[in-house]
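Down below is the structure, laid out as structure tokens.
Naming follows writing order (A, B, C, D, E and F), and every chain is counted from residue 1.
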Amino acid sequence: MNILAIGAHPDDVEHNCAGTMAKFAKQGHKVFIATATSGNIGSATHSMEEIARIRKEEARKSAALIGAEYICLDYDDEMFFESKEARLRFIDLVRYCKADVILTHNETDYNPDHELTSKIINDIAVMIPIAHLKTPNPPYDAIPKIFYFEPARSLGFIPELFVDITDEFETKKAMLRCHESQFAWMHDNYSGTEDAGDLISHIEIMGRFRGMQSGVKYAEGFRRANDAFRQSTDRVLP
Amino acid sequence: MNILAIGAHPDDVEHNCAGTMAKFAKQGHKVFIATATSGNIGSATHSMEEIARIRKEEARKSAALIGAEYICLDYDDEMFFESKEARLRFIDLVRYCKADVILTHNETDYNPDHELTSKIINDIAVMIPIAHLKTPNPPYDAIPKIFYFEPARSLGFIPELFVDITDEFETKKAMLRCHESQFAWMHDNYSGTEDAGDLISHIEIMGRFRGMQSGVKYAEGFRRANDAFRQSTDRVLP
Amino acid sequence: MNILAIGAHPDDVEHNCAGTMAKFAKQGHKVFIATATSGNIGSATHSMEEIARIRKEEARKSAALIGAEYICLDYDDEMFFESKEARLRFIDLVRYCKADVILTHNETDYNPDHELTSKIINDIAVMIPIAHLKTPNPPYDAIPKIFYFEPARSLGFIPELFVDITDEFETKKAMLRCHESQFAWMHDNYSGTEDAGDLISHIEIMGRFRGMQSGVKYAEGFRRANDAFRQSTDRVLP
Amino acid sequence: MNILAIGAHPDDVEHNCAGTMAKFAKQGHKVFIATATSGNIGSATHSMEEIARIRKEEARKSAALIGAEYICLDYDDEMFFESKEARLRFIDLVRYCKADVILTHNETDYNPDHELTSKIINDIAVMIPIAHLKTPNPPYDAIPKIFYFEPARSLGFIPELFVDITDEFETKKAMLRCHESQFAWMHDNYSGTEDAGDLISHIEIMGRFRGMQSGVKYAEGFRRANDAFRQSTDRVLP
Amino acid sequence: MNILAIGAHPDDVEHNCAGTMAKFAKQGHKVFIATATSGNIGSATHSMEEIARIRKEEARKSAALIGAEYICLDYDDEMFFESKEARLRFIDLVRYCKADVILTHNETDYNPDHELTSKIINDIAVMIPIAHLKTPNPPYDAIPKIFYFEPARSLGFIPELFVDITDEFETKKAMLRCHESQFAWMHDNYSGTEDAGDLISHIEIMGRFRGMQSGVKYAEGFRRANDAFRQSTDRVLP
Amino acid sequence: MNILAIGAHPDDVEHNCAGTMAKFAKQGHKVFIATATSGNIGSATHSMEEIARIRKEEARKSAALIGAEYICLDYDDEMFFESKEARLRFIDLVRYCKADVILTHNETDYNPDHELTSKIINDIAVMIPIAHLKTPNPPYDAIPKIFYFEPARSLGFIPELFVDITDEFETKKAMLRCHESQFAWMHDNYSGTEDAGDLISHIEIMGRFRGMQSGVKYAEGFRRANDAFRQSTDRVLP
């Protein structure tokens, strides 16, 4: 299968589904990682152009660790809005990846870029095969299955499906470490919170918590989009 | 009463509330069927202009079977977005119909056009009587009661109210059959699903399922908008 | 694996998960069908003893069609209550079957026998390995995974997992037809409802409805018990 | 129709659905008011036997105001538990009333007697016509429709259906005033709460609040039991 | 602390959280009241410009009663839409107030201006400290805690937190009475509802209802935004 | 205030609210820890009598670390059922403690003893002051406020309130370590799960997870009983 993980910002995928993507890759599936924005406000020291360039480079390195292609749609961080252009751009991205499965943010999350990325992915799922919706890449005859990963801090999120990432956890950490510009930024910008800059500790706790719930050492949790044409009678997840 | 059923695309109303509309009509109420879009991407063989023309003609024929007027707002299929213009256009539609009751899509549905149609209807309900919101048709002094019909495939939908459409089921089938351009289209476009092109079988199953739940042969299920000024102490539905 | 499907009354399993059980059996798993009661009020013409005997014989025939052993706990139909004795009896049943997986009624259902069967199964899941809980059959070191099937008429039920039973649907019908004493009984006792006596039509509609939702011809829907020690990182269902 | 309102204690029905019962009565339906317990702990000054006698007399007077028969099942207040005997006693009560419709406590409420009364009513609904469940009064061929009224203080309750009781509100107050032993008791026993003893003010606030929500002066709110064989395609409520 | 209450229209704050704001003020916190729109459609007799001017003056008077500064963002009533400009304008407002706590509309409410005000506040909470998001007022290093107040008529709203406003209720009434242009307007525009023009009676019922639920004479009810970076281990509310 | 934490088994309180109890104690409140059962099935090597004695001794030591009195109601582990005797026994326990606040299991949990303990506590809350419910300890005039702590593994639980236990975390670990008989037991009995015997690691992960959500190092999460007479306008928790 072709699998696309799309987050709003570089490092969102790494936090929430890198283990599952690594597992998909290991099983021989073709994997893509995309972000809606370049994360171009994510620095107190670099200009917006510089930090965008840096973060995309970090995302590329991270994706490369599992053999994934990284694609950035280059919308403005924190200023991503719905539009016809964005809808077509997302359709084209999915068509480019010929995605059978998409992992994305949960419908309700703490950041509007996250929620909009999730909404557009779900909105366009049924539009992929429609010929009259013209984009650079051609339509294909399938409706991707969609799975929602956890919001940061996971407040209010109840996973329905768990993926064992025990064997992929080191890879997940390595991928997250590629986003080194974000370690200082999170620390500086969200200093009011205890573990602000300690992103590795964050995924360690999350992984162990979901593992404890599902009977393994480390796990990632998901909900499945329960909408017409996106359901199926197989598990899909690895 | 004046009853407006509004869907995003030609044939949405037919699938989900045609039986109830037929029953309202039979009881002497004035009935309107509207669609937000012309359904102008719904063909693999016709141009967008042609299929728009064909589908509106099909919708008109279907509406005529129960003596309903058909109105198309002509937004672009799959590319319908929120705007001041759309909000005013919907206000004007409701004022034109002098609607006491509106049936529309559920708040969560599988298609963004469906969800937006539902959202705008609910958003404008309290704006109908406001004089400073000027539209071609004048304000009137009432806030329509709103009922949500089922999403296609009905995933995640729990109806609160049932309408017995046993005596209207043949009419419902006749109305759906007017949309003949859609039988091939659904078959071609959603070929991955078992009953893709078999729309009549779809409403047969849905009708029987809701009938089984409510103790009649065929039924349609609804949820009521539970918002300020739209609730009441009567059933409203036939 | 060893799979146990347990309902409150003879024919509950047939209505709601016979297709999945048939599929498990076909894949080589060991299958058991049990009922908490003998269904001994289910007749307007036979004595309670007679109808109990008849219904258990029907259940045995039905189970035999997929090579399943049938076990009846012989509680009184409609008069099944919680007790230490019942809890131990259920523990012993599960130990007898050495069940890895249990399919049972949903936590909320329309009948108290259904709900209690479901509750006891979930209550005892973690008690199976406890040595101090002595029963005729010995403890074993596992906590069964639990899946809830649909209530009759499925009001208020939203499945999270679907099983394709297209190839098993004829078997499901054959199993239900074994319960011939129930066809007349349902017709007589629930005559106010349209399809009262037409049980085959009931499962036809349900199967098609869930199939339509999940992209196959016939399906059965389930929810998974989301409790400590019962979750896992695999699908489990066939 | 025959309508039964059943609460756990004398005055529960008066607080939560007396207006609706008065309206049913006014429309010519036959009305019954029952309580599971005699309310025999509800006094700081009378013995349990005395207060039971007083409260049943008060309930009888209240019921008489709308021409309703009052029936007390005489279970112990605060010590009402599930049993075969109770289930049969409730079946017999419903058979005695030949109830088409039952109003009772919500499934979740602040008091265990309330919740158990509600549970038993829902549990036995499908047992009414079963011949093998023998009680003094004979079975009849119907399954009553069930509506849940508000818990005291209404925490966490969201009504789906509203009944206009503007014209019945004076009757409701008169009925509640019959329970004069409770005015002092509530004041003494729940003195920590602002409006402890002021029961009339309580129903005034509740009635106005639900009225405000549904567009009338005074209303009562309900949820409908959404279970197999209890749903229908009519409103049922007055 | 600095506390900002923001509603969509002049008088929204007064209806739903004026008691709590008065209590915050009394305790020495710095209080701000803002509205997204000027309420400029809220009159059948004045021009839009006139009524905007009148309503802002009324809001200023009301705010002054508790020593609060009033700020109007001057969007068009009933025609308030999402945009980059609005997001930045809200960020700037919060930065101007240096808000530690924000009270705003519930996520689901009966009016789209209400819902959008709530959405933007929640969307921008994490953006306050971000230096690259430039607005006239500078960033500060905190993420405000957010509490949602009740929708008008409170349909479907279940508060999690209650504030005792018994001692502030007279102030709340005085604040609402400042909005005198609205008494006639509500009466004229929503004449179909019983208590249309009687806004004081509205808050009386609401205050008593929430007080009854929480054991005081008058209360206001809230839900807390349960999202990353906005939660904490203290109550925050007075 | 007087605070009672009650779990079904020795060590339940330690896992889920020991930090909060330690904090209450530190603030000078009087604290009690109780268990419904003696945990008398919790051993593969000791007899039921022996393990009961051991576990109660462990619980006593743990409670002593924060100056709490330990009380065991001595019901049978895994075989605890509802009864009049149990209800009165719980009333007497609460009266003995003169509890203003009770911390107990969540309403839905993975073990029936947990759920029943929670249910009885909530059931009896309003019965404490009732004179006709006679128990060895006399009634007192208050209704305790109830807070629900997390189920083991926390599946499906969404806390509404967080308590910062950073300074109490070492105490919490010390309390849990008192239950040394359970470390081997959990390891042996639930060996299928990764961290079976590693109870300290379990509370480390839980504490950090809830801390991460609420902006501190370690936290415990709670839900509040939202029922009549138990709500209030203060936070109550430390």
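Note that a residue touches a chain if its C-beta (ideal position, glycine included) is under 8 Å from a C-beta of that chain, and two chains touch if they have at least 3 such contacts.
Quick caveat, the model's predicted, so the values are computed rather than measured.
Under the touch definition stated at the top, chain B and chain F share these contacting partners: A, C, D, E. Its C-alpha atoms superposed on chain D, chain C is turned by 120 degrees; the angle is given in steps of 5.
The greatest centre-to-centre gap from chain E, using C-alpha centroids, is found for C. Ranked by how far their CA centres sit from the centre of chain B, the chains are topped by F.
Each chain gets a centre from the mean of its Cα atoms; for chain A and chain C, those two points are 39 Å apart.
Look at where the CA atoms of chain B average out and do the same for chain E: the two points lie 35 Å apart.
A separation of 53 Å divides the Cα centre of chain A from that of chain D. Those residues of chain E in touch with two or more other chains are numbered 82, 153, 155-156, 158, 192-193, 213, 215-216, 226, 228-229, 231.
Of all possible chain pairings, those that touch are A-B, A-C, A-E, A-F, B-C, B-D, B-E, C-D, C-F, D-E, D-F, E-F. Residues 158, 160, 162-164, 213-216, 219, 224, 226, 228-229, 231-235 of chain F are the ones touching chain E in the complex. Across the interface of their complex, chain F is touched by residues 82-84, 87, 119, 123, 126-127, 129-133, 141-143, 226-231 of chain C. On chain E, the positions that touch chain D within their shared complex are 153-156, 158, 192-195, 201-202, 205-206, 208-209, 211-213, 215-217. Residues 40-41, 43-44, 48, 78-79, 81-82, 109-112, 151-153, 155-156, 189-193 of chain E are the ones touching chain B in the complex.
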